[in-house]
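Provided herewith is a single structure, encoded as structure tokens, for subsequent inquiry.
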Amino acid sequence: MIEEPFAQGTSFIHNMEPRIKILAAFALSLAASLCSHFSIIRVYLLISVILVTAARLNFGALAKRLKPLFLFLSMIWFILPLTFEGRVLYHYGRIRITEPGILLSAMITFKSITIVLVFTALVATMTVASLGNGLHRLHLPDKLVFLLLMCYRYIAVIEEEYNRLLRAAKFRGFIPRTDLHSYKTFACLAGMLFVRASLRAQRVHKAMLCRGFNGKFHTLDVFLPNRFNSIFLRAIVCMSLGLFIYEQIWF
Amino acid sequence: MAENTGIIRLEDISYSYPGTDSKVLDHLNLEIFQGDRIGMIAPNGTGKTTLLHTIMGLCKPDGGTITIFGNALKNEKDFLPVRSKIGLLFQDSDDQLFCPTVMEDVAFGPLNLGFSHGQAVDMAKKTLESLGMSAFEQSITHRLSGGQKRLVALAAVLAMNPRVLLLDEPTAGLDNTVKERLIHILNQLDISYLVISHEFDFVSAVTDKIYSMENGRVLTNAGINIHHHDHVRKHSTLISTEYSLPGFFLEVQQHKKKALKK
Amino acid sequence: MHISEGVLSGPVLIAGAALAVAGTAIGLKKIDYDHIVHVAILASAFFVAALIHVNIGPSSAHLILNGIVGLLLGFSAFPAILTALLLQSIFFQYGGLTALGVNTVVMAAPAVAVHYLFLPFIGRSPRMTFIMGFLSGMAAILFSSLLLGLALWFTDENFFKTSLAVILANLPVMVIEGIVTGFCVSFLLKVYPEIISKKKANHD
């Protein structure tokens, strides 16, 4: 079952309007990803840590969320220092560790942690329903918002169907191995998922017609305009833009 | 509406799935009158769902005429106004609840009918409240239990103020508490409905007459009358275990219905 | 297959985002309102299929199946894959916001290519169907890893060896995706050919 461990909360970040959070997350992560100096990226990292702290997220869930990122980073630290050309810091026979490799690994580490923290603090702290609402109000195409919300809605349903199919296969003695039979079985399971998805889509479409669907998709606004929201957004955008310009001019 | 004509009338309807010859509906006739509370008990695969979808214009019959509220309906366009007046409760609530939150789902119908956001939200709130589901307004749809989903789906249908309800296996997969709640709700509704179900006890608790289906036709006659509660029990086990009741017309008489309600 | 945040350079990220927007716009234009539910729920299936792990010797890999999505959806694979990737980053923090464009192109462009390259041959004979399905699955992963390698290489020429490593590491995945896609397409054609028909079936 998919979970949204950060979506519920009482911090001021949770109470902010989805639109504002999406824009702020976008501005901050874009600026951070364009940054290339250690003295600047540290500021972004600091901002992201402040945001995560302000959102009062569950630390255990946060650590779990960062796990794939740390796996990826350890791979980066393993590969880049050995494969990059440049000033050699240390060598053992033909194995050389280069300075550019180390520096880039460090930069990637800073950047990715920053962007992931920003994303977690600002985007993962709303339900997908709110995200859809926000994107709709930011005038993304109706169809795309609709696609996002529908896709989200049926993931749990289809996952449950998959679990049932797999259980049934296991009851009949299926043990996954590295062989053609196993791959064929998984292929049929996946195929069955697509078949069921398609049949369900037909039924859902009928249900929509029954309720008068006419090509217009509505989301309900539940957020009141609030001065704090716009102040927050302005602060974040000014900070990102300021740091970006500062870096371009100064360095 | 005149006394002697049904609000829904199907005459001589035939339907077979595209690309097959076997007829799911074979010159079927059915008439539903204002105030009718009809139950339909029949084995799987006899075309009950197809019948409901035909009434809604979701399946296009190969032949026959559909008359609803006095108008003969032929193409997709004719069915559009009708769909908001007939509420179909789907067999699988997951098909029906496609919005991310309960509120958005229940308000979806009223919004499509052209009500403003405020009005639609009001209607949704009232409907949810009448079903005792107010606490779930902001819930995420896919996290509800099966019973909650069924009640929200019913709210979504009722929020459009339909004149007729068509219920497709409303008790499938529900536990007894929810079933009883559903019985209570249906018995308090003041609209006509047709219930398809496998469960004799449930059907007899919420309807006045019970039809069956066989060979693509609705059977309303050649029947037995049930006078006593004991008989109901006996027949209910018969039906629920074997579905071996072709051609039976079970008219549950008024006094028995009242007895069951209590 | 996706690239994490913070690796790619600004120009590569922006180019990826622009291509993703273009592909998504074309894809959305091709979806009418009667078909949008279909695309959405197939995107859900694509999301769930990525949770399926298959064994490769002592290790395991999850399925990707962008080849199948391409065969089933054509250009609509762009918005479908974009949606699924966005949800993946929300739930699991795979990929992310700034890399979303590049990741969408990496997964969806090969899906579209496979649609036009191999779909015309599917259904001619059971054997041809399996072979074309196999090629679809394999080519989709091959193209994806090439695109990912290119994105790295354009970011920094020093990434060349890393790019090669990415492509090499994906070789076994290519074979497995090929086999699974081959079987899967054969299965679909047997049990539910409408889903894969070349003319969009009128799902009514």
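A, B and C label the chains in the order they appear, each numbered from 1.
We take it that contacts are C-beta pairs under 8 Å (C-beta built on N, C-alpha and C of every residue); 3 or more make two chains touch, one makes a residue touch a chain.
Because the structure is predicted, anything quoted here is derived from the model rather than measured.
Novice: Using the touch definition up top, find the fewest steps from subunit A to subunit B.
Specialist: Minimum step count, subunit A to subunit B: 1.
Novice: What's the farthest chain from subunit C if centres are computed as the mean of the Cα atoms?
Specialist: The most distant chain relative to subunit C turns out to be B.
Novice: How many Å are there between the centre of subunit A and the centre of subunit B, using C-alpha atoms for each centre?
Specialist: Using C-alpha averages as centres, the distance is 42 Å.
Novice: From the C-alpha centre of subunit A to that of subunit C, how far is it in Å?
Specialist: Roughly 18 Å separates the two chain centres.
Novice: Hey, how far is the Cα centre of subunit B from the one of subunit C, in Å?
Specialist: The computed centroid separation for subunit B versus subunit C comes out at 41 Å.
Novice: Considering subunit C alone, which of its residues make contact with at least two other chains?
Specialist: Correct list: 37, 204.
Novice: Subunit A: which residues touch two or more other chains?
Specialist: Expected reply: 128, 150, 152-154, 157, 200, 204, 208, 213.
Novice: Where in subunit B do residues touch at least two different other chains?
Specialist: In subunit B, the residues touching two or more other chains are 58, 98.
Novice: What part of subunit C is in contact with subunit A in the complex they form?
Specialist: Interface residues on subunit C, with respect to subunit A: 4-8, 10, 13, 24-25, 28, 31, 33-34, 36-45, 47-49, 51-52, 54-57, 63, 65, 68, 72, 79-80, 82-84, 86-87, 89-94, 96-98, 156, 158, 161-162, 165, 176, 179-185, 187-188, 191-192, 194-195, 203-204.
Novice: Note which residues of subunit A are touching subunit B in the complex, please.
Specialist: Going by the criterion above, the answer is residues 127-129, 132, 149-150, 152-154, 156-157, 200, 203-204, 206-214, 216, 218-221.
Novice: For a test of understanding, state which residues of subunit B touch subunit A in their complex under the given definition.
Specialist: 53, 56, 58, 80, 83-84, 87-88, 90, 92, 94-101, 103-104, 107-109, 111-113, 117, 120-121, 140-143, 156-157, 160
Novice: Which residues of subunit A touch subunit C once you look at their complex with the stated criterion?
Specialist: 2-4, 25-26, 29-30, 32-34, 65-66, 68-69, 72, 76, 79-80, 83-86, 100-101, 104, 107-116, 119-120, 123-124, 128, 131, 141, 143-144, 146-148, 150-155, 157-159, 162, 176-178, 180, 182-184, 186-198, 200-202, 204-205, 208, 213, 215
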